[in-house]
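Chain IDs A, B, C, D and E follow the sequence of writing; residue 1 opens each chain.
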């Protein structure tokens, strides 16, 4: 009998949870947050989610929301798993979600085609589909402030500026998954035009912490520079292995997902000199972050485990993600005159985003990042990055903003976007005047 | 409705009127095979033709030995259709018992179910000069017998079919021959299993069977839609009427189970609408229910007990359609949903419209239990000599203690000594080759002595007390109805069999046989350890329990003035089970009183002495046929106090 | 009425007259496991229609012999001739296909299946319906299934196990399991049926039943039977001829009476040291 | 021809040309192999004594290391943290015996395997719940484990030996020795060996099966802790390690489920084999072959020797 | 109690061997199908259809696949994820080359490729048994995963390395791609799953299914009954992998809409294995029960804190889900090692024998 009761209870719960009409956001701004605080990549997912939530909560606490409308942030755990990500999307989209930042290439790929159908923009900040930078083909997807390809071109520019890249051998070590494979077409293209050779070292997802053979191969190939597209436990392991084979770390550049505090904390002194790309500011010394500390963290409303974690690379990136969304909300409110906006309004807000130096200062983030100005055609915005270096205990910004090689990257992006759309006959595009 | 002259006429009628209705089912090789009336008629026709080919003539006797198999039922029709007389024989009787009947009836053919029966007949064939052929149904193991003499029913039918092919006129001839049958012709000869003496061949006419069958069908509104399951011995008049006579006259379907082990499963599958079972079956079913429920979880048992109490409360009223308050009806409806319905479903009785029990008295508790579940269980009183029906309970007039009002066309009279007499269209033609017995049983004006003592109560219902000749007197001249007492004892689940003594004695004493299933279960619950039946039977705590039961019976007896003097003073629990194999019971599981008197002389004497124990040694036959001895010191117990008659009354 | 006579009597007469054909012959077969000789140079034959017993003390190589006959072990030396075909190496399923069925010393039923399915499994070789028909389970697939079901029901009827038809075999009493296993082997309708201790662990009544089934099987269906059995009484009753093994060698071969009188056999059973 | 050349000739020329590098590859493989062996050792211990194929061994490695690191994070001195971790693994062993194994006595192998898969989920969930899911650096220095590296100049090149790798090898060796001594010299150890052969025999030594199970799980827990420390020191303590632990399954195939020497040899064969294959042949297949090499090697091996390196030949009986 | 079987008798072997010989079962299943085909599409929310029912059905199908191999043929496999991947990638390639052929046909055909992969990796099963075989199926898993990344042809050299599902239509209604509504996709999936479950049931009760169970229960005896072990095992691998392949294709084309290699990783193999264990080895019903349990339970666990107003961290819920599922697996193994299907079976038996605790006669 107990067994049947249990089954009945379970059934009732399913029914209850599925048939109860979802509360529509009537007088608030509903922003879902797809997080991964669990799973193999939780090390990166957690600070990002914290920064994201804290900033929006700070707006609620400090300003009472955006233009007086409260923001509701709802987290949904994906564990970096595409299926769960889609489930989170389905579970939250009907609650009036304004935009999604899935923080996972796999989930982004699944959501990109859904965005135009459900009329909710996808904002994959610096990840996902590079081609989505082409706004004409991807009206509903945004990759501000830079696509992977732009980033790669900037990194190569940095190498070229420091060492002269022609004739050099560049090693590319990457996570052997969609994310790591993304920049390869650009790398191949540029190696011809810039005259360098590429050696590729894939690291299997299961082998992230077991990279000795890759690095033995690196030692065998002995490239002049190494570029890494890594994530999670792959990063510290790679840096350790690099140190082990005595690869000069100041010639080892990680992309912006391979240069966080979490990655280097454990490596510590041994990682000194390691370089990484970044586009969001470092540290807590921005007025906005001070506000976050005062209004959220110190009030115990944050999930960060330690106060000093605020200002970390990924925390700030999550925060920046929220800043862009909040700004887009404001723009959308201005443009539509509505206080409570829809996903479609949000798309317009995102497309017309304009974070100038001045605006950033207003927001309490002076010099936090490069100028970001979107348009109908340009869903990448600025595209600039800077390079930071690990000093053994913290990151230091070592360059100014490096603009991408737009002249090469942009046509490639357009081409890729064209290819993506080509086999989808009823794909929704837009034309930009 | 005017009846047709003979049972084969009814077969022909059904083949026309109910041509495509299922007349018979048999679970064979895992599925229920079905035959329509038309098919059966065809089978019977070829069978009859084959029998004729083999030389069977009008008036010949044919033994039918076996279980409930379609072909054996067809044998009845086929034999009757050519004017020969079927003589069904109890299949479980041993060859020596069988030979008497076969010889007495002077059978020409024997139709056997299988090799086992064939072997029995073959083993005594030298004592049966008249026997010319043996037919069998199941061919397993039969391939090495002489095909000239011993042949399968299939082969006979093939013979018949060939004959029909040769000469199409034969079919017409067959029908004409059937038309020559008249209602007064002997239709079947049934040997009574006789508690005393040799079996007697009761000759029944077509009219006997047809009129009683039709009357019975009318009485219970049985029609062509009924389903019944044939599982009782073919040689017993009841089966012949329920599964053959009534089926033919009403046109309803008879289902034959796969094997004796699968009867309850088969009954569940078929879910008969019309069902007969002796009290024993109902008793053991109830015991099985009780035992099974002991193992149920506590809440379930509580629920079960609760609703059984509810059913006891107003189940009978619901069944009788008496007015009841809404709440009670609802309460009962819930019980129907949770307990009665499923229970009837498990018992295969969910579709029962009419169920009968007869042959012996049924425990009132048992009787009411089934009725309270909503099963329309009724009692009837009948005899072979009456083609079963003498009295039966009409719907709505049910009492556990009576056997109902006279059946249609039956007259009843009570003789001065209390013996019941009846007169009806079902009254038999006579005992075969025994005019003396016929004369002593049936008076010239057609009244038949039943041999049972009874009386008609104020509502016009007949009550049976005991066998007329068994009713004795104690030395103080008070009435001693042994069976009446025994039945009261046997109504306790833990008592399987009882034998009461007292005729010409100072007081009543009894043997008790415990019911192993019920008592061992009880023992288990009471942590009583025992190694054998004998040890359990002799256990002091078992004696205590039996003693309590007897005290209860005594209180009951004391309450009835007519039998108040027959309270039990001393008893013993027998060390072995009374067994038909040892001759202690008849094949129909009735106590052979005389035999027991002889066999257990020492024990009986001890009951009427002041001894506390008595040594006894008995010869028994084990299941594998070996003989052995069982010895025991049997404890005898006196009842402390016999209830005071005055107090009771 | 004296015509009723057992067919088996006729059979033994025929055997006596030597008219019967050789079904299987084992010639100079040897089998060893890593140096241990399980069977050493054994030859004997089995005639069509007979009941042949293989007896011997524990470890005599009886089961190994059966394993060789049905292809489970491959002898290092010797030749086996079955129905006139010689072979040295044969897969068990090929042996099954050529008409050899067997039962096992320790019941080897398919525990997860019902009695019915177990016996149906014996029909596997006789079922040929294609995959696509099975997918839809109509037409030939269904009629094939029903046809074989009927045959299986006859076996169930023969073995008197109708009441356990749909029960899972795992929970049946041992005696019934053995019966089901026999049924499964019967379902294969083999030319030669190998029974490895069909009555081991049975009580008297069960043994009698099983003996009856074996006799009926032999006489009704004419199945040739080779059986290993410890109960000498049973062997003497059932077997037409007996071969006696001891320590992997053949020490006697003949009718039950001959074998019983053989001094080597008596020694082997009494445990006289070799 | 080119393909054949690049498969059968070029790699060996390569090896010969840079023997120092070959040595380095072998050393790296050796160290990885030692760690595979350690995980496999945990499997073998439990399988031998209780017939349970402990799928949770991999997660136990992560869990043990995580406990250690987290305790230290909470401010416990390193060696105290080690002791407490040992106690935690002991409690885990007792818990597993008490609440899982004891209830599943006499169940089919596959069911016990499934139970340990369930255990994996529990450890994974509770580990992350209590200690958080992000990777944590191993407290190498605090434990007094060496860092740094030594160079060995040979064949005109250099082979780099990480001190932590040397330490891992030494610790693994000590561990195996300790287990050997434990099994052969102590009463409990002998009982454990007996139980692998015959449960009744073990009872006669006076130790209950329950105790024995708890002890082997405890031993496996300690092996897991050591493995966790060593592997953590090489990279980080993270749940991603769990997947690598699956490679120990391939090791077990090679070495046999019940053989400790088998686990060691199997681990080394796989460790060295996969590095050599990846470095010298991997490029032919597009790299990343390490992901499957161990399993495919095990599969091919099984086809020829189903009983493993050290298993006995199975004779089927009817 | 609910089962009232009195009066249900069979007059032919066909009826006796029917899939659902009991009337009440037939009624029950009809009701379930009615709800599934009519009730749910009409009444349920998109979330329920898209995130509960569709995944549930996809995993049920995969679980049927694995159960055929593991539960019926006794060959433990940890490569389910990869076989699903083969189906998905095959379907992607097929629809690339034959865009005009109906996608449902292509999905059904793509299973053939995973069946071929299954046969290939099933070959060792002739010599390898039990846990050893389980581990060699890991080789299939990892090798195929590697192929999915390394062979760019499989994903049409997409820059993302992932497959993206194009829109395909049936009768002018989009059934794949982002514009296909959940209801439409659901109807396609449930039709496919119902059909394939029926096919599985048919095959399992016939000669082929029996040969698998023979091999599972007693391989030696099976061989001596004339079953060719290689053929039986490989056919099980093929049939099982076919189901997994179709499930994989459905997963990508009808549910997620895109997939990279992570969608077919070892965790999926385990997920499906859990479903089979919890549901019950050797039971088709168990596949559905297990899939419901493993997929729906976490959704419920996630919903519970919200329903009772508890603000738990999403991650905490996730960890708790892991723990609860783990504990439940152990619990079920202890209480009923044969899974939910056996529990249902026992419950049904109770209902059939009600009010008796067991079938006494």
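Going forward, contacts are C-beta pairs under 8 Å (C-beta built on N, C-alpha and C of every residue); 3 or more make two chains touch, one makes a residue touch a chain.
Small disclaimer: the values here were computed from a predicted structure and weren't measured.
Asker: What chain is most central when centres are computed from CA atoms?
Answerer: E
Asker: Would you kindly say which chain has the C-alpha centre located farthest from the C-alpha centre of chain D?
Answerer: B
Asker: By the contact definition above, name the pair with the higher C-beta contact count: B-C or A-E.
Answerer: When the contacts at B-C and A-E are counted, A-E has more.
Asker: Among all other chains, pick the one whose mean CA position is farthest from the mean CA position of chain C.
Answerer: A
Asker: Per the centroid of Cα atoms for each chain, what is the distance between chain B and chain D, given in Å?
Answerer: Taking the mean C-alpha position of each chain, the two centres sit 76 Å apart.
Asker: Using the average of all C-alpha atoms in each chain as its centre, how far is it in Å between chain A and chain B?
Answerer: The mean C-alpha positions of chain A and chain B differ by 88 Å.
Asker: Which integer distance in Å separates the CA centroid of chain B from that of chain E?
Answerer: Chain centroid spacing, chain B to chain E, equals 56 Å.
Asker: Which whole number of Å gives the spacing of the CA centres of chain C and chain E?
Answerer: Here chain C and chain E have centroids separated by 42 Å.
Asker: Two or more other chains in contact with one residue: find those residues in chain E.
Answerer: In chain E, 12-13, 142, 146, 149, 220, 224, 266, 315, 319 touch at least two other chains.
Asker: Which residues does chain C have that touch at least 2 chains other than itself?
Answerer: Each of 72, 104, 108, 149-150 in chain C touches at least two other chains.
Asker: For chain D, jot down the residues that touch at least 2 other chains.
Answerer: 128, 133, 243, 246, 286, 288, 291, 318, in rising order.
Asker: If you look only at chain D, which of its residues touch chain A in the complex?
Answerer: 18, 21, 24-25, 28, 31-32, 128, 132-138, 147, 149, 160, 162, 231, 234-236, 238-241, 243-244, 246, 274-275, 278-279, 282-283, 286-288, 290-291
Asker: Could you pull out which chain B residues touch chain C in their complex?
Answerer: Chain B residues touching chain C: 29-30, 122, 125-126, 140-141, 143-146, 148-150, 258-259, 261-262, 265, 624.
Asker: Hey, which residues of chain E end up touching chain B in the complex?
Answerer: 1, 3-13, 15-16, 353-358, 360-361
Asker: With touch defined as at the start, can you tell me which chain B residues reach chain E in the complex?
Answerer: By the definition above, chain B touches chain E via 25, 27, 30-34, 264-265, 268-271, 288-289, 291-293, 295-297, 300, 303-304, 338-339, 341-346, 348-351.
Asker: List the residues on chain D that touch chain E in their complex, please.
Answerer: 53, 99-100, 103-104, 107-111, 113-115, 117-126, 128-129, 133, 243, 246, 249-250, 252-253, 257, 285-286, 288-289, 291-292, 295-296, 298-299, 302-303, 306, 316, 318
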